[in-house]
Every structure is written in structure tokens, then in C-alpha cells.
Amino acid sequence: MEKKFPVIETDRLILKEIIRDDAEDIFKYLSDENVMKYYGLEPFKSIDEAMEEIGWYQSIFDEGSGVRWGITLKGHRNVIGSCGFLNKVPQHYRSEIGFELSKEYWGKGIANEALAAVIQYGFEQMNLQRIQALIEPLNLSSQKLVERNGFIKEGLMRNYEYTCGKFDDLFMYSLIKQDVETGSNT
Amino acid sequence: MEKKFPVIETDRLILKEIIRDDAEDIFKYLSDENVMKYYGLEPFKSIDEAMEEIGWYQSIFDEGSGVRWGITLKGHRNVIGSCGFLNKVPQHYRSEIGFELSKEYWGKGIANEALAAVIQYGFEQMNLQRIQALIEPLNLSSQKLVERNGFIKEGLMRNYEYTCGKFDDLFMYSLIKQDVETGSNT
Amino acid sequence: MEKKFPVIETDRLILKEIIRDDAEDIFKYLSDENVMKYYGLEPFKSIDEAMEEIGWYQSIFDEGSGVRWGITLKGHRNVIGSCGFLNKVPQHYRSEIGFELSKEYWGKGIANEALAAVIQYGFEQMNLQRIQALIEPLNLSSQKLVERNGFIKEGLMRNYEYTCGKFDDLFMYSLIKQDVETGSNT
Amino acid sequence: MEKKFPVIETDRLILKEIIRDDAEDIFKYLSDENVMKYYGLEPFKSIDEAMEEIGWYQSIFDEGSGVRWGITLKGHRNVIGSCGFLNKVPQHYRSEIGFELSKEYWGKGIANEALAAVIQYGFEQMNLQRIQALIEPLNLSSQKLVERNGFIKEGLMRNYEYTCGKFDDLFMYSLIKQDVETGSNT
Amino acid sequence: MEKKFPVIETDRLILKEIIRDDAEDIFKYLSDENVMKYYGLEPFKSIDEAMEEIGWYQSIFDEGSGVRWGITLKGHRNVIGSCGFLNKVPQHYRSEIGFELSKEYWGKGIANEALAAVIQYGFEQMNLQRIQALIEPLNLSSQKLVERNGFIKEGLMRNYEYTCGKFDDLFMYSLIKQDVETGSNT
Amino acid sequence: MEKKFPVIETDRLILKEIIRDDAEDIFKYLSDENVMKYYGLEPFKSIDEAMEEIGWYQSIFDEGSGVRWGITLKGHRNVIGSCGFLNKVPQHYRSEIGFELSKEYWGKGIANEALAAVIQYGFEQMNLQRIQALIEPLNLSSQKLVERNGFIKEGLMRNYEYTCGKFDDLFMYSLIKQDVETGSNT
């Protein structure tokens, strides 16, 4: 039996499953070198690559190692970015977070709104204890984004990933469930 | 076709595949609470658990996500400990290292001799770029062991693993291929 | 004999003693959840809590463990925020700094102007050697504020305070007297 | 009504209240410059100073800001060192730990045995959440001692204490209640 | 035979040799206390000091220990700032970077544009492996500038420089050649 | 006029100038790969290299950028190791420290005794404010040696030196004048 993909609603956004019909939408931003600068892949050159990417989103959801939401503005059906969990390690209740957004929507707090909702989902629905983010030193805006959500920089992981032909040092950030619990009120 | 398990010879040791016949040997030390203190599992209580452990060793080798050597002294067939790689991420050329040794052999440099050989194997035969070790703050002897082999402490990973009913903070250590290359001629 | 409360004048501000007549002023911002987010207390619900707070300000001044200034704009008598020292350890010449500001005055450099004056007072009049600030990871604006005044992040203090029903990790920042001395001129 | 001073028994030790009759015992080691090197006080020169120290032990116990045990070997009544809590902040469930031992007993694991018992007492009987230790960089043996008990170094606190006429940088170490809970079994 | 000074062209800038005729230009900003706040020298008081500075630029170029470019806007001959390398250690392929800009040009991305070009020159033409920057904790804008170019903060160097009559703690930042190589395709 | 080389006497050692007659002595340990492992040079193969090394010692003393003492045991004229300052930056009152010792004298506290004397000389006679040591991560014994003398690890300097054909990451340690001042009594 199939798992149902969880839809999340925030003030301005609907986070939903990315399907094959969204290929052109995601190709649009995944082919933009500004967006892809720190994605760990070269900018996409064909719609086929977008199809493959969607296939990967579906496979991580099916196998339970992650979940990737398409970001849409309420009242619009276009996917303008995506975010979600990957590399989930269920045994240790931790997962990694990833996100990217079409350039024309930068600077409006959309990534932050999506991220906050996804974090809440991770702790409450997926029962995560630790959410980690691995971010390139040069990617200051993503560092700021996760810091605004309470992530703490734990260290520089040397040569942690091999992307686009070279080994990258990455900052390890993490958010622990207790960090975000308000603890207040009965 | 089956992969052949690589045997490694050092000055005093033979590192070899752990098979079902070794179950009693490994049960001996995996049931010792001194050895298991930081293993991430409760001390084993039955030979069946040792069997299961061996099954896990074989499965990570078969699926290519790791390799676990049994440590034997030259001229003796008993397995007195084990060490090796786990959680290999081939795409990023990195893997984690793990090890444990029967208590009666502590303090003789055996873990160090095995570890050095395994590290060399990882860089030269498995083409790893980064070997990481995740060690509990209380486990000072393992910290010392990896530091003696050039590992650098990158940070404290908060609530990184859930073992024995609680979340553990772990130190992330890593060794990069270049760190150990002598660089000198011939 | 009573100590006289020290009044401080800056370009735009008068920093003065907070008295019982200021209770409504301080209740205004201490009941605002935006202001109280990282204050370590729930937003105030009654003027009585403001009265209690003022009592605490007076007690730390009387016993010599701190001093809390009300922030007023020149030409206006309303208290729009407060800042000052607490947890002074005279034996070691160090104290902690704290501050908060009514939301409508954010973004005008007022907190910075008050903080700079208070720091100067601490080093010159109170003979402090070390001023420390304990700030929640999520409270980025306070981190930026103290960094702009030369504070250096020394580490993450785990579970350092119990506030609003949970234990908080806090960044320890400090400023040393020498850090701010210009050293120039005769 | 008076609080009763808690006596602690370990394998080899009785940890007990230090009373005025112990003045000569504690003077013996508090006048030894080897012991006092990192104590934050000059070596004692008269029995009166030892009396004063005992008075301080009693005052912190009476006011509830700490508790200092005298270390005695089972079957002997001499106090050969002391250890305990100081600077307790009940509101935040944290306290600092301190210890020293007569030089002739160094290297026998006595400080470790006493410290482990005191830590357990702090978490279980005093309901502490965080135990911190502030140690001079030069005091390697104390650093090792607390690390062996699971304390994690959080950072270097600059000019944190003024002792013997100068400001000392101190390493902040902490142990969190969860760090030591085994979490295993019922 | 004389070395030829390398001219660098960017989108909006020409980076060129600073000669004696530029003394008035550089005096203009080197006498501005806003610019000199973290320069390690008092604001200049006479054109002679500017002449001396130019002499120093020429001497480090002649002796091969550095190179300092004057920043000019295309189509204008005025030097509005400078940047470049100093304290080169050829044996270890590393050098330090320094920069400053006339205040009226702040906030336009000019320092960033100059810095990026100079970094590229350092790795490609000067064969550097490591470029380091030593920045005062209070100098947040320079920290941000180098972080935007991928520099990583390695630590706080205590009392590293003696400037204007006092010892300064400085953050050590570095950029490694590999950090900036794209690694991707031809 | 020539500077006179300063001779230092400690309990067991005389630290003295290294002259050409000492070439065979220093060749003995500089050709030992155990000693040279972290020296930054290949083990020496000829007496000529020792001669060159002595020439370097003399040149840094003559030009004032350092001073290197030969370590001798009282009552013996053989040089069994050396230690001293290099890369002095007089303008900033800092210098680097280096040392090595013939293997047969390891483990007797000789390096420690020499280092302590040299540090004292640096602060008192050379007027240094900061003494730094750059040590390879694998060189645990040197790390321990400087830590025992109060040095604090400030960070990992990436690719800081190019030695024996590769770039080394080095730990930056430093000792500040105030760290060692007792501050006590007249």
C-alpha cells in the first residue's frame, strides 16, 4: 500500500509533492546557475535531468530515507522551489535538510517560511531528534537562514562531499528537538 | 560472483574475515561490559547475538557499505577483536571507522597496529578521501588512539546517535587522505 | 547611607533609575512577546509583575550585584527599554550585561547607543575587567549587537539556564577591558 | 533547624563534613604549593587560614550555595583532601565543582573516586542539571580528571577570575545530567 | 632589471600601481579615522606619512614580499583605496591580504570586486596556496567581506599584533586554493 | 660590533651557541628519521646539511630574527638537541618556538626543562608578548609538551606550511606573557 504524501500549509505557501508535471517548473530554477551554485550539481541542461531529479524525490520518499516538498504560493500551481529531508537515519532519529528557491523569489522570506514548517513537521510528524544541515562556507545566505531557525554550527567537516569534481569542506549545523520546544505553558 | 574478502598482514597481526565459526571468540569480548561501554549496544548475553553481529559484518561487506576485519595474532586462530569501515558513502569517497578489542589485549599497541593498517587500506585500496570516527566524550582511549593516527577533532555532534535508550553527543574526528601522505619522493 | 543612582547621558538618550512610577512604561514592552522572546521570562500579564521587576532592579542595585538603567529619549520621560549589569562578581571584577527595548524603537541604533555607554561605564566606573553576555542561539540580533561592540563568542554553554520550563543552551560572549582601550595618545 | 551534612561512602573513601578539628589536616595540604598551584589562593601560611577556609565551607553549606566534603580513607580519620560544589545557582539547576588532594595521595585514583561520587550526588540528590568546572590551561591533570568523567570543554573564558594578583583565562568544562545517564534497562 | 607592476581590470575597476603622484589621493582616506579604525596605524596627519606609505608599498613589491594595488574607477584616475598582499612567505606559498577603501565608496561592492580580483591573481599568478586575513573582532564589515569570498575563520590569535600602543587579538581567516576552484569541466 | 650569544643554565642543562664544531653532534640526531618526522625537512643525509643548518642558526641570530640554542648536559660538551626562537616579528613582540632532541634523551624531561628556560628568556630578555608554536596534528608529544607549559590551542591553520612536498595543516598554539606571570608577591 502506498504512503500518502503529506501536504503542508503555511501563511503564504502550500508545500506539496513534486510530480512529473512539475518538471518544467523545477527545470527553470535548477538550470539557473545562481540557484545551483551550492547545490552540489552542475546547472541542469535538459528537462531530462529535471525528470531524473523528480524520480530521486520519489525514490527517497518511497524508501523512507527522505521527503522533498515542492514550494508553491497559495493560489498558484507553479513549483518555485523545494525543500525537505534526505539521508534520514531512522535508527538514530536524525535527518539532513536541504532547500533551494527560484531566484526571483529570493528576499521575501519564503525560504524561511518553508523551512520553519518543514522543521516543525520533522520534529512532530517524523519524530526526529536531530536535524542537520551541511552548508558550504561560501553559502552565507543558507548559513544565515538556518541560524535564524536556531541551528548551531558544530564544526567544519573537511572534504565531506565530492561535488562537481572536487572535495568540499562543509559546515555542519544542527538543530535539536529541545532547542525549539518552547517548554512554556501547561 | 562473490567478492573476495581482503586479508591484511601487519607485524604482529593477521586481519581476516569473521565467519560463523568465530562466534564464540567474538561473543567473549562482546559480552564484556568493559569492551562494550562505548560500542552503542548492551553487552551481548547470548551466542545468538554474536551470530547476528557476524551476519551484519557479512551484509555490509556484501552490499559494499563497509568491511569488518577480525583481528588475530600471527600463529593463533582466535579472533581477539575487530575493526573496519561502516557507513561508506561511495559517492563522496568517505567512510566511518570502528574498532574494539578484547580487554586482555589492551595496552599492547594492537588496536593501533590494526587501525593503522586499516586506514592505509582505506586510502589505498578503497580509494577513500575522508575517514571519520564518531567517539563518545567519555571514551578517552579511543580519542587518543585516533589522534595518534592523525585524526583531527572537528566538533561535537549533538544527539548524533540513539544508543541504549538515550541520545549521545559524539565527537566527530576525521582523517583526510592528504594528512597521511608523506609527500616525499621515490 | 544610600548610594546615588548614576545617570548616563549619550547623544540621544538619558539612562536613568527605573522607579515605581515607570511601571506602566516597562509593562508595555515587557508584556510584548516580541520583546520577551529571549528574556527568560514569559511575557508579563499584569502591572504587578512590572512592579516586581522594578523591585528586582532596586534590590540588585542596593545589594551591589548589578545596576539597571531605564532608557529614555532626551526630552521624553517615558522609559522605552532597559539595560545594565547583573550577577556582578566583585572579587573577579566581572559582570553580565542584559538589555531589552520596546519594539517600536528597534532598528534605530538605540540599543547600540545605550549598550556602548553602559559598557564604558562598566569598565571606567565599576572597574570591571570582563563583561559577559549570555545569548540564545536563536537571538541573532542580540548576537550582532554585542559583536558590533567587540564581544567575542567563547563557546556554547550547554543547558546553562532554566527558563520558561526548559534548559537553554546559551552562547557565552565576553568583552575584556583591553579589547576596547584605544591605547592611543598620551 | 539545621540541615544534616550528607556523608558519602565509596569503595575506599568516606566523604564527610569538614569541622574545626580538621584544621591541621587541611592546613597540611593547603600550605603545600604543589597542591595550591591552581587553587586560586596563595599557599596557606598559618592554621588561621585553614580555620577561615573551614568557616567558608560551613557558610556555603549553611546558605545553600555549596557543599564541601572532606576526603578520608576508610579506617582513617585524617582529611586528605576535599571536593564539592560551590557557586550553586538553584534557579538554573547548575553548580560548579572543585577539588584538591594532598600530594602524597596523587596517582592512586582517589580524586577520581571522590569526584565520581560527588557528581552522582549532585545529579541525584541536589537535582542539578549542569555541573561545570573552571580549570586553568596549565592544570592538565585536572583537565584530564574531569574529561575522564565525561566533562566537555566548551571554551576558553578570558580573564574569568582574578586570583593571586592577576586575571586568569580558564577553560569552561561542563557535564550535563543526560551525559551520564546510562539510559539502559529498567 | 625591474619587475613590471601587474595591472588588473575588473568590471568597474582598474587596479594599478600606487605612485608618488597618488599621495594626496591616499592621504585623503588614510587621514579619515573611519577608514583607519582597524588599519593598525593612527589616522595620517601629514602628506609625508602618505609618501612613506607609498614607499612601503614600493619596497614590499621590490623585495617580493607583497604587492599593493591602488583601486581606481574606470575612467577616473583617482586612487580611492588599496588592496593587496603582504608578508608573503614564498617557501610556504602563503600570503596575507589587506585592503581599505575611501569612506564615500563604501556599500557599493567595490571592496568585494577588488578583493575577488586580487584573490584570483594570488592563486593564479602568484601561485599561492593559502591566503590569510587577520581581522579585529570589532571589524565586522571586513569579516563579512572575506566570508563572502569563502574565507574560513580558524581561530582567535591572542595578542597577535601591537598597534597604536596596545596588543590586539585578531581573528585568523584563511582561503585555500582548493576552496575556490570550481573543479568543474573545461 | 658582534652581539654576544646568551648562555642559559638550568638544573641539568647548559643551553649554548651551536658552532661548526658541533656539526657531527647535530647531524647525529638530524639524520634520525624519528627526530625528523615533524621537523619539516627530510632526515639529513650528509654532514654538509648539518653545516648548512648551523649556518642558518647563525644567520637568524645575526639578523635578529631568532636564536637557536644547543642543548648540552652539564659536564658534557655534546649537543644533544636544540631549541629556540624563529620568525621573530619585533614590531609585534612575537616569535615562534621550535625544538628537537636526540632520541636517546626522550622521556627524561629534558625538552621540557629546555623549553621552560627558553620561554622565560623570551619573555624576560627578548621582551616578547606572544610565543607561538605551530605543530602537526600527528605530533602529539610536542602538543603535550607545549600544553604542559601553558600554551593554548587557538585553531587549525589549514595548509600553513609546505614541507617535504606537501601542504601541512598545523595547530597554532600560543603563550601570552600574562599567562605565565605569577602575579603574586614581591
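Order of writing sets the labels: A, B, C, D, E and F. Residues in every chain begin at 1.
Just so we're on the same page, contacts are C-beta pairs under 8 Å (C-beta built on N, C-alpha and C of every residue); 3 or more make two chains touch, one makes a residue touch a chain.
Quick caveat: nothing in here was measured; it's all calculated off a predicted structure.
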Just tell me the minimum hop count from subunit A to subunit E, counting one hop per pair of touching chains. 1
Chain separated most widely from subunit D, comparing mean CA positions: E
Specify, for the interface formed by the sequence copies subunit C and subunit D, whether it is same or different in terms of residue numbers shared by both sides, with half as the dividing line. same
Farthest chain (mean CA position) relative to subunit A: F
Report, in whole Å, the distance between the mean C-alpha point of subunit A and the mean C-alpha point of subunit F. 51
Chain centre separation in whole Å, for subunit E relative to subunit B (CA means): 48
Geometric centre distance via CA averages, subunit B-subunit A, whole Å: 33
At least two other chains touched by the same residue of subunit B: list those residues. 152, 156, 167
Those chain pairs meeting the touch criterion are A-B, A-C, A-E, B-D, B-F, C-D, C-E, D-F, E-F
Subunit C residues within the subunit D interface of the complex: 91-94, 129-130, 152, 154-162, 167, 172, 174, 176-177
In the complex, go through subunit D and note every residue touching subunit F. 42, 137-138, 140, 156, 164-167, 169
What does subunit F use to touch subunit D in their complex? 147-152, 178-179, 181-185
